[in-house]
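Here it is: the structure, laid out below.
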Amino acid sequence: MLKQIEGSKAVAEAIALCRPEVICAYPISPQTHIVEALGEMVKSEKLTPCEFINVESEFAAMSVAIGSSAAGARSYTATASQGLLFMVEAVYNAAGLGLPIVMTVANRAIGAPINIWNDHSDSLSQRDSGWMQLFAETNQEAVDLHIQAFKLAEELSMPIMVCMDGFILTHAFERVDIPTQEQVDGYLPTFDPRQSLDPKEPISIGAMVGPEAFMEVKYLAHAKQMQALELIPQLAAEFKQQFGRESGGLVRTYRAEDAETMIVAMGSVLGTVKDTVDEMREQGHKIGVLGIISYRPFPLQEVRAALVNCKRFVVLEKSLAVGMGGIVATDVRMAVSGTGLKGFTAIAGLGGRNITKASLHKLFLEAEQEKLEPVTFVDLDWEVVNKQLEREKQNRHSGPIAENILYDKGMSTSAKFG
Amino acid sequence: MANKPFAITLKPGTSLNNLTGSWRSERPVYLDRLPPCNNACPAGENIQGWLFHAESGDYEQAWRVLVQDNPLPAAMGRVCYHPCETACNRGQLDTSVGINSVERFLGDEAIKRGWKFDAPAATTGKKVLVVGAGPSGLSAAYHLARMGHQVEIQEAGPLAGGMMRFGIPKYRLPRDVLDAEVQRILDLGVTLKYDSKVANIQQSMKDGGFDAAFLAVGAHIGKRAMIPAGDASHIVDAVSVLRSMEGEDKPMLGRKVVVYGGGNTAIDVARSVKRMGGEPIIVYRRTRDKAPAHDFEIEEALQEGVMIKWLSTIKQAEVGEITVEKMELDEKGFPQPTGEFEKLEADSVVLALGQDVDLSLLEGVPGLEVKDGVVQVASNMMTGFAGIFAGGDMVPSERTVTVAVGHGKKAARHIDAWLRGESYEPAAKHEIAEYKNLNTWYYSDAHKTVRPMLDMIRRQTSFDEVQGGLDETNALFEARRCLSCGNCFECDNCYGVCPDNAVIKLGPGKGFEFKYDYCKGCGLCVEECPCGSIKMVPEDI
Amino acid sequence: MSLQTVKFYQTGTYTVGNRLLGPDDRSVQSGELRSNSINSGHRACQGCGEALGARYAIDAAMAESNNQLIAVNATGCLEVFSTPYPESSWQLPWIHSLFGNAAAVATGVAAALKVKGKTDVRVVAQGGDGGTTDIGFGCLSGMFERNDDVLYICYDNEAYMNTGVQRSSATPPTARTATTMPVGKEPGNVFGQGKSVPEIAMAHGIPYVATATVADLRDLEYKVRKAMKMHGARYIHIFVPCPLGWGSASHDTIKLARLAKETGMFPVFEAEHGEVTSVLKIRNKQPIEEYLKPQKRFAHLFGKHAHPEMVAHLQAIADRNIRKYGLLDEEKAHG
Amino acid sequence: MFQIRVHGRGGQGVVTATEMLSVAAFEEGRHAQAFPSFGSERTGAPVVAFCRLDDKEIRLREPIMEPDALIIQDPTLLHQIDVFSGLKPDGYVLLNSAHSFEQIGLGDLVKQHGHSKMSTLPATELGLKHVGRPIPNVPLIAGFAALSGMFKLESVVKAINEKFSGKVAAGNIAAATEAYELVKQQMEDRANA
């Protein structure tokens, strides 16, 4: 059923359609609307049977999910940013224990400086945690990926994050086709846990494993994600059959046929990129897009196949490996290693910095001309940065950089909207 | 488990594969230690053993265990001076267990319920003569009978019981109790001939065709002291006085009766005199703490109005009065005369200075050794003449009923062995269960139950039994005060406190076993065993 | 509180078993068919108080729940010695997640059971003092506050033993640990303000809070069974001496627990909905030295460079416990 | 694509306004995208929210920097921030005020844009009158429907019914209807002027 609906609300409805049995959450912007909506559904018994637990921290949220999942209940939580970092120990643990928990990450930057706006630093920091990570481009896809996520997680008995851009998607009202309960039930079987805590068949979960078997355990987790590379497209195909809609998969290209320049990106920015590419195509530029949906497992082959025919590519990413450059770009370069392709990394949108068509036009043109630095910071205010660097050269003791920059900019954040 | 995640999910209980017993350098072992009460009992009773059954309320079983060693519990529960209680470890905790009172309860219960001894084993065809129906003779006869021997007791007097009857007043040992216990022995098939004084033991054995003899004639001759006395002065000995108490004619002692001596017999006489309406005065040459009588008996006598002159000796006895000299203790604690004299009214003087044995029946028996008026016996209770054994007051030892009963049992075992041409080797004694071996935390706080005492007027005017018995409830309570020193009473502590579940509980009455595959040798079971029946021993290297 | 008030039974309820008691009055541990929830072959040290306390507690909970029990375990000695791959000692469904999240994981298990309608299956969470009073404290408090249907059991051995005896918030003042060495002017652990998690639990007003020691099995079992009869958040704090960390003889584990209670160092009580309902009285009050001297972690308080003032301070702490909880009977208190 | 930017203050229902605009557009079969500026959410602070309308899927995620229309929920903002930033030369402006543009000193702007695309509306008063609360968002949406002619009143009513129910919905519908009529009247008056 088509609805004009807030992204968070749509995701909440999708989660509910998946019949989760335990939902636990701790509020953090911009994830709040999702769990608020779910809380109301449980409280009003629209979603039943389901336990909704207001926990005291994200660490507890993931821990409760670990417990409920281990006891055989379909378990869900949502978080973002600092919240994800606060639960990190449990995030790794859930993956290590092979618990098929589904978690929405409403992607948000990580402080300090504290910042509630969108980028991908949070979930990308968990790239090695053993969780799968799928990135939604639109709210429709966010809805669809959650439904696929439960199935994927439970088939592999591995946890999965569905990542959607904070505010940009979570708080956007747009048209979403919400499936019916029958459709979802026809796609997603009831949870049949691989193992569960049950007095009828006691097992000990969570052993201490020494050097003699630890590597094997880790390899098996890796092997599962390799299996996921096959399973994800399969589930997307099944999804299309059931819901009549293309959604999910590992990667998706756009106007890539004869593209000489490819733009690689994840999440909602793909929309703006596509609009920009459309405009450039109209102007005759041979440019295309590669959207990565599955960040973990990372589809090396698919990425390579999508890029191998272009001349150059730009990885436009909302994350920064401080001291190194791009995070996604590193993986993409790994995928095309040996091809001799020219690759650029563009860091953009950190902490919610707007990524505008205008900036992208400029970026893509420069890329086409291969004038870009290997790592480019899109719309960085060089004046401010250089001033601060200069100041630091003269006065070596550390100070509050963020404050100085705001001072230099002579503004407060609330005064700026454009 | 094939479906389950590798390594991080495990099968339950599989740690059994890990034999932690290899960690151990010392191992716990169960052992029985000898409880101090058992060790102290002259009759060799397995006190802890019978208390164990009494604790669970199985009084008959308790009695049956008791009478394996002593056929006279009702008597013993009254007249024994209970060295067991003195030795009892509980005395160091609060007050010793009232073993004697429980024994009496069991003895009385047996009489009340008419419990009989188990029938004797198959007869051996051997005949044993027991001379004297006192505690030692009765005990020997009982044990021998149960071993299947044919036993005949020849008693010089008209009644059985020996000193239990002729030396101990009724108020301490009612005669119906004594009679009942004697009868039960006779019911085993023991023959008892009264008024049959054995004049020549060898002849008697030959006449009766006896294969062995046990002599237990007691010490019935009162010792005399050289007291200058007028012809008309009335001086008698304590044994005679007490013996005559049993007959129809009560002794004529007058009102003022001086009893000379400080032993239990002196007290018995004085208290009997009091009950007959006399005014007894005990004269003793030393002080109360040096008196051989048990202090509780002195105390009871004083309570009843018996006068005692300590540090006094009788110098002269005249009609109606005596002269005593005051004594004082020298540095070594011996009484020395002071030259101070005093006169006391005395219608009669009873000498309670000890007893001698009538050894006339042994005349002509070769190889016998008599020393200090008693017959010497070897460790097997046999005299110098093969086949003749002796015990009780006629051999060198402490003269108590309990010792006598013990002699009877011991002699019986040796006689039995001797009759088979063997020798009896008692099992080696276990190490003593000392207080330090116990973990007394685990015992409930409980003080000794005090037995009821007869009211004073009746104590002073009648021969009713002074000390009452326990009823079922408090006998049970008292039995349960037993710490079971050195002997497992199945408290399950070892089973419970083992952090490695390395103790197997075998079920009621069967105790426990260690699973040495898993025991790490921490020693908690030893430390927390209340009764000290586990110890650590080094592992063999 | 838990002691028999019936007839005198030789050892009453002090011993693990008592052949004189009726079958219904016997302890779980005395039963030949007790569940031995934690099996032989575990790798705890000789004389481990925690291994013992865990079996006592979990067996009792198993008995009360008719073996319908799931255990959640925090990281720590108990976890490491019971489940090193490839062998587990546990005989019931058991999960270990992390050091600081046992209470929350248990909440999750309880929620799953509830949603699945498995009302007969119960949940216990367990951890050491580090996993409870320190790193797991947030999750514990959250579980309490929500009144989740979890019995949390803390096995308190007063330091981080698993990592090599470092101080925790449950370490007593003056105690030597690897991070509070007996050097300097104030050797050993500091005299802080202490942190009574049982009292903090009571402040949450949860249905049941109790303390117990491995020295009094019957009391411990009574409390576990009582807790298992109730629903909602429940907390039992069990004192479990550690021979390794305390420098005590392996056979003294129970004795030290007993002395901790008998000196007043560890008050044994129970509380319902935030109010103390009973205390286990001191039976035979002992001076604090009796408790301290068998432990090498307090050795620096005695001997050549003794610190009598510190001993006096510890005695004052014990005396305060005695006053606060009324640990002595009236006549003993004044006698 | 048609882009609307709504300015107001926290607590005035700015975000709700854009959401309802998007719903109204959805009801008429169009694609719509509404999103807030994700800034301060505190009551009283200046807030901005956006709404895009199109006949095809809207993929663009950048904020609206060159709006086709402005709805200003609070006239006091005029003195604090540049609400007109990026407004297209022929863009619509609807201002919550009981006064005319000229009266509040924006005569020049009217001259630039022309009367046909600008209107003021006493939306706060309408909110108070019909709903009992000084929330101007619903009257402004209805007023904007009348001003731009981009939605029917009934679509606005549908959006109201999706967001509210019972008395509140009825009050809002009454307020919307009156606002719609007022602006429509204004437009007609001007056309006729």
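Letters A, B, C and D mark the chains in the order given here, with residues in each chain numbered from 1 onward.
Simple rule for what comes next: contacts are C-beta pairs under 8 Å (C-beta built on N, C-alpha and C of every residue); 3 or more make two chains touch, one makes a residue touch a chain.
Everything numeric in this text was worked out from a predicted model, so none of it was measured.
Between chain C and chain D, the least number of touching-chain steps is 2. Nearest to the global CA centroid, when each chain is reduced to the mean of its CA atoms, is chain C.
Each chain's centre was taken as the mean of its CA atoms, and the one lying most distant from chain C is D. Looking at A-C and A-D side by side, the one with more C-beta contacts is A-C. Inter-chain spacing, taken between the CA centroids of chain A and chain C, is 44 Å. As a whole-number value, the distance joining the C-alpha centres of chain A and chain D reads 34 Å. With each centre defined as the average position of its C-alpha atoms, the distance from chain A to chain B rounds to 92 Å.
With each centre defined as the average position of its C-alpha atoms, the distance from chain B to chain C rounds to 49 Å. Shown for chain C are the residues that touch two or more other chains, namely 82-83, 85-86, 88, 90-92, 94.
Annotation for chain D: no residues touch 2 or more other chains. Chain A has residues 97, 202-207, 209, 213 in contact with two or more other chains. Pairs of chains in mutual contact: A-B, A-C, A-D, B-C.
Only residues 7-8, 10-20, 23, 55-56, 441-446, 476-477, 480-482, 484, 489-493, 495-502, 505, 507-508, 515, 517-518, 520-524, 526-528, 530 of chain B touch chain C when the two sit together in their complex. Residues 2, 4, 6, 30, 116-118, 138, 165-168, 171-175, 268-272, 274-275, 352, 354-357, 413-415, 417-418 of chain A are the ones touching chain D in the complex. Taken together, the chain C residues at the contact with chain A in this complex read 67-70, 72-73, 79-80, 82-86, 88, 90-98, 100-101, 104-117, 121, 138-139, 141-142, 145-146, 148. Those residues of chain D whose C-beta lies close enough to touch chain A in the complex are 15, 18-19, 22-23, 25-27, 31-40, 45-46, 48, 58-63, 65, 81, 85-86. By the touch criterion given at the top, residues 96-98, 157, 194-195, 202-207, 209, 213-214, 216-217, 220 of chain A touch chain B in their complex.
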